[in-house]
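Note that chain A is present in both complexes that follow, paired respectively with chain B and with chain C.
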Partner chain A sequence: MTPNIFEQIRNIASDLFSIPVERITAETSPENVEAWDSTQHLNLVLALEEKYDFQLSPEEMEKMRNIGEVVKVVENKIQAVKN
Partner chain B sequence: MSIVIQPYRPEHESAVQEFNTRLKNGGAASDLVFYRYAMPRWLPQVEDSHLYNEYFVAVDDGVVRGGYALKHQNFLLPDGSIRSIGYYHHPLSEGIVNNSYAVIGSFLLKDAMNRVPLLYCLGMGGYDNPLPKMLVRLGWSHCAFPFYFKVVNPSRFLREMQVLRTSPSRKLVMDFAALTGSGWAALKTFEIAKKLWSPRTRESSVQEVEDFAEWVDSLWQKSRSEYTVSAVRDCETLRLLYPASDKHFTRLRISRGTEDIGWAVVGERRKDAKYGSMRVGSIVDCWASPENTLPVIRAASDALKQNGVDLIVSNQSHRDWCNAFENLGFIKADSNFIFAASKKLGALLEPFEEKKMRMHFTRADGDGLPRNF
Partner chain C sequence: MIPEEKLLDLRKEINEFIAANAPEKASLRMAELWRRQRDSATAAFVVSRYEHLRSKLALIPYRLAIIRSFTVEPAVPLLRAAAYVSGIDLAVHVGDFNAYPQEILDEDSSLYKFSPNVVILGVRTADIAPDLWQEYSDLTPEAAQQAIQRVSNNFQQWIRAFRQRSQAALIVHLLEQPMQPNAGLLDAQSETSQSSAIRQINEAIRRVASEHRGIYVLDYDALVARHGRISWKDERKWLIARMPIAANQLIHLSDEWSRFLMPLTGKVVKALVVDLDNTLWGGVIGEDGMNGIKLGPEYPGAAFQALQRAMLDLTRRGILVAICSKNNPDDAMEALNNHPGMLLRPNHFAAMRINWNDKVQNLREIAAELNIGIDSLAFMDDNPVECEQVRAALPEVTVIELPEDPLQFAVTLRECPVFERLTLSAEDQQRTTLYVEQRERSQAEQTFQSKEDFYRYLEQEAVIAPVTPASLARISQLTQKTNQFNLTTKRYTEQQISELASSPDHEVFSIRVRDRFGDHGLVGVAITRDSAEAYEIDTFLLSCRVIGRTVETALLSYLGERASARGKQQLAGWFVPTKKNAPAKEFYSQHGFQLESENGNGLRWELDLKQHPIARPEWIKLNVMNGENG
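The block that comes next holds the complex of A and B.
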């Protein structure tokens, strides 16, 4: 997990879900964040696409089951775009 | 789940039928069906056309789990440019009957946004429905465009208007008003008062035309600068939207002397349970410069009255058209005609609260065509 990307995603999630950034961990997920519903999941996806200038597929959106998985998807995507 | 959203092709048609069957068996409302055929019957894509529909389906390992439609159309924007805008409509997800597929709705919308960033929705049945709720939370610019109605036959209106007859006491009052003529008297008094106070306009003449012709183009060009946003309403577009072969619509050409001042399209709506057995006419679409809105609406309204409708309805957004409706005795009611613009489109409409006053959206731009007729 690239520290920089993890921090960036924590900040995005903190804004979106109105949670202090210190409380966002790799395990943060819709199961433990009430505000993280399907619409907010879409908002998260759109925010990531805007920040990193790529497009996420439905499959990638589905893989993002917690913040840790979000980071993995974003890292893989950035790598794929570079290649 | 491994969802891929792709253009709806003929090989998907049987899977779409199965999808529609699952929706029906799951208890979805009977009008919630996705298009049976991959090729749009209304506004299919033809070479060089700027106005066309496309359908897309969400496929999960060969099984269709949802779909949506996109209408592409040229729009005038506040900076005076003409650009293609997408109208996102008829999204359907298996999530409405099976929570395992609740995410499909957001996949569909995101796919549309990726394909056509300048996107809008219009209609949607009101803010209480899932799609407008999602769009508001996604930060789309939004508002409700006014709904107007005029009662032509008060007695039938009072007896048949189901949405008002919501309690036994209300039904009693309305039946009493219908029987005694007091309802008729009240509505007529309102209409006469409005007419007395409405601005005077010069004489105009109305002609019903079989088809739109090039005279429409000069009207479009002359008045377009009075609008911040409008679908391009030139001859080519109107012939596609209201082809002469479609007898559901009446096309009106309004003139003053030898000068064309506007046009309107009216039609009788399909039966709808909320109107009971009333015949409901709709002012579907219209165009004029703002100082000529009143004679155009008067012509449209008269044409529907002559056709014997009991009630006339319309949705309008531009303040001058709204004023014309009100001056002619139309009543403004609660609207479920919601407009929402994607963030990318919304950025072109800023400041939205100001620009929306001179946007021209009618029933024709939303979910009314063609299914309401």
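The block that comes next holds the complex of A and C.
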């Protein structure tokens, strides 16, 4: 995981789910964060698209089951855009 | 670009101010954060922090409902964050997906239960007119006409039903055009094209809206076009989440909605105060001189002319412009009077402070001279330091910090939502003239020995008339905007005024005033109600530009006559104190009223008309119009 991107995504998740950034780890997921419902999942997708200026596919949205997975999806996407 | 650390630090500071119970400071930082970073994550942060602060700040509560045929939910936090930093505590209700027709037609729907102040109706062309959108090539001209009729009738029916069931304002999204019309290039060549069909529906909606009070249209197609149709659209999100708008465009939809909120909630600016050097012209007049400053039809002077043009447009909307500049007055006036590139001249400015004093002090003086509150001022400057000083010392002033590129100046000004208006009165359009005449009056006043001599010299004429369809908008506007000489500060929509006017125990009057210097227009309102013993004054207000010339006595004396005509011996009214209406505090006692009672809201005053009739001021020529010919 790129530390920089992990940090950025933790900050976004902290804003969206209203929880302190220290409590957000790679394992943070809808199972352990009440605020992470389907509406917030869409908001997370939109926040990532705003931040990184790409559009996520339904398959990529599916994969984002915890913060660690979100970071992977974003890293792959940034890599793909570069190539 | 703002470094990420700075934005994280701002968040930390905000959390600390909230923890330290410093809501105003937290709120100021939140406004700064929102200025620098306007995205979904920041919106969520701002909204969640304001949830902690809302009870501790003086915010305007406002209720907005959105009824729609597409997913708008992700735009709601953006809108609420923008509202919060503008001082509006916005409660939002989003109607069920595609349920808008039932919600409008059913009086018991969740829409009306929410009791909104304003409702947005947002429908996609593809949803309401799938035949016109998808299958236009298959339609005969007759079938296309029928479809246009059908959709126009739908909107007409909804708007009428809404107006019968609710007093809320309604904002209707006009229909969007397809990215690629069915006929390609032929579309533009034909009178019966797909785009013309959609235009006809939009024209029909606009017509119905103008026939009702408080119904406004939002030109959705123009909004999309402004931001680029190709980047606006996100087909994939539409298919998976019924969200047709790309993530980074949602802020523009939210901004467009906010523009309506400002005039609806009265968060409007009445005067724009501007700097001169590097704002109205390029360069510094004191150093570069008349021939050196950049101002004219060519680059780079054209950027400054464009800004002046935008300011002229604002004056036509009733917004005053004023100057606050650190300069030698002679240098600046030379440019203002004689530079061939100037579109604005001294007679466009309602006030001028060209000196070396502190801008904060100058702004206070300008507000006092124009007789408006500090919170009715906007301040525009190219210098970030001046902007920051004004923000810190006068947080209620709207600060417009100009970007580095002068070509962006005019755009920045025109984008500012505090200058939006939803209706315009005749007074608005000539306000600058009124203020320039006012300056002449003040100069005249100083040359008279006694007040009475001055009143006689003014040759005031006043016309009192019951409300008419033509005066309704202005009367409502005065109840919404008048803060200083306003005894009860009750705000009424046009709809409510029209209901009061048709109620048998209420009367609604307006007063127009002119004098030797010019016409003030419609400047005062009185609303009365009959009770068992008394003629009760519900509302009594005057625009500040005629206060202190005994016009208020003339209007009050007329109310005394009305009371007697309606068989009442008592004239009664409340004074409800607010932060701003101290000028009206002594009004009743000065006219012989007795203080009858006092409660948490205000003071009740009564006058026995038999013992204390109110004399008409002899120096005002008073005309009273009857209902029909008013």
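Just so it is clear, the second predicted complex is superposed on the first by the 83 of 83 C-alpha atoms of A that agree within 3 Å, B and C clash if a C-alpha of one lies under 4 Å from a C-alpha of the other, contacts with A are read in each partner's own complex, and residues count from 1 in each chain.
The working rule: contacts are C-beta pairs under 8 Å (C-beta built on N, C-alpha and C of every residue); 3 or more make two chains touch, one makes a residue touch a chain.
Computed from a predicted structure; not experimentally measured.
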Side-by-side fit of chain B and chain C on chain A, or clash: clash
Which superposed partner A:Asp15 touches (first chain B, second chain C, both, neither): second
Partner chain in contact with A:Gln55 - chain B first, chain C second, else both or neither: both
Which of chain B and chain C A:Lys63 touches, first, second, both or neither: neither
Which of chain B and chain C A:Thr39 touches, first, second, both or neither: both
Touching partner for A:Ala47 - first (chain B), second (chain C), both, neither: second
First (chain B), second (chain C), both or neither touched by A:Lys72: neither
Most chain A residues touched (candidates chain B, chain C): C
Stretch of chain B penetrating chain C in the combined three-chain arrangement, among 116-124, 152-160 or 206-214: 116-124
Doubly contacted chain A residues - partners chain C and chain B: 39, 42-43, 45-46, 55, 58, 61
Residue numbers on chain A that touch chain C, as the complex places them: 8, 11-12, 15-16, 18, 39, 42-43, 45-47, 49-51, 53, 55, 57-58, 61
Residues of chain A defined as touching chain B within the complex: 38-43, 45-46, 55, 58-59, 61-62
Interfacial residue positions of chain C with respect to chain A in the complex: 4, 8, 39-42, 44-45, 48, 71, 73-74, 77, 234, 236-237, 240-241, 243, 246-248, 250
Chain B to chain A touching residues, read off their complex: 1-5, 58, 102-103, 105-107, 109-111, 113-114, 133-134, 137-139
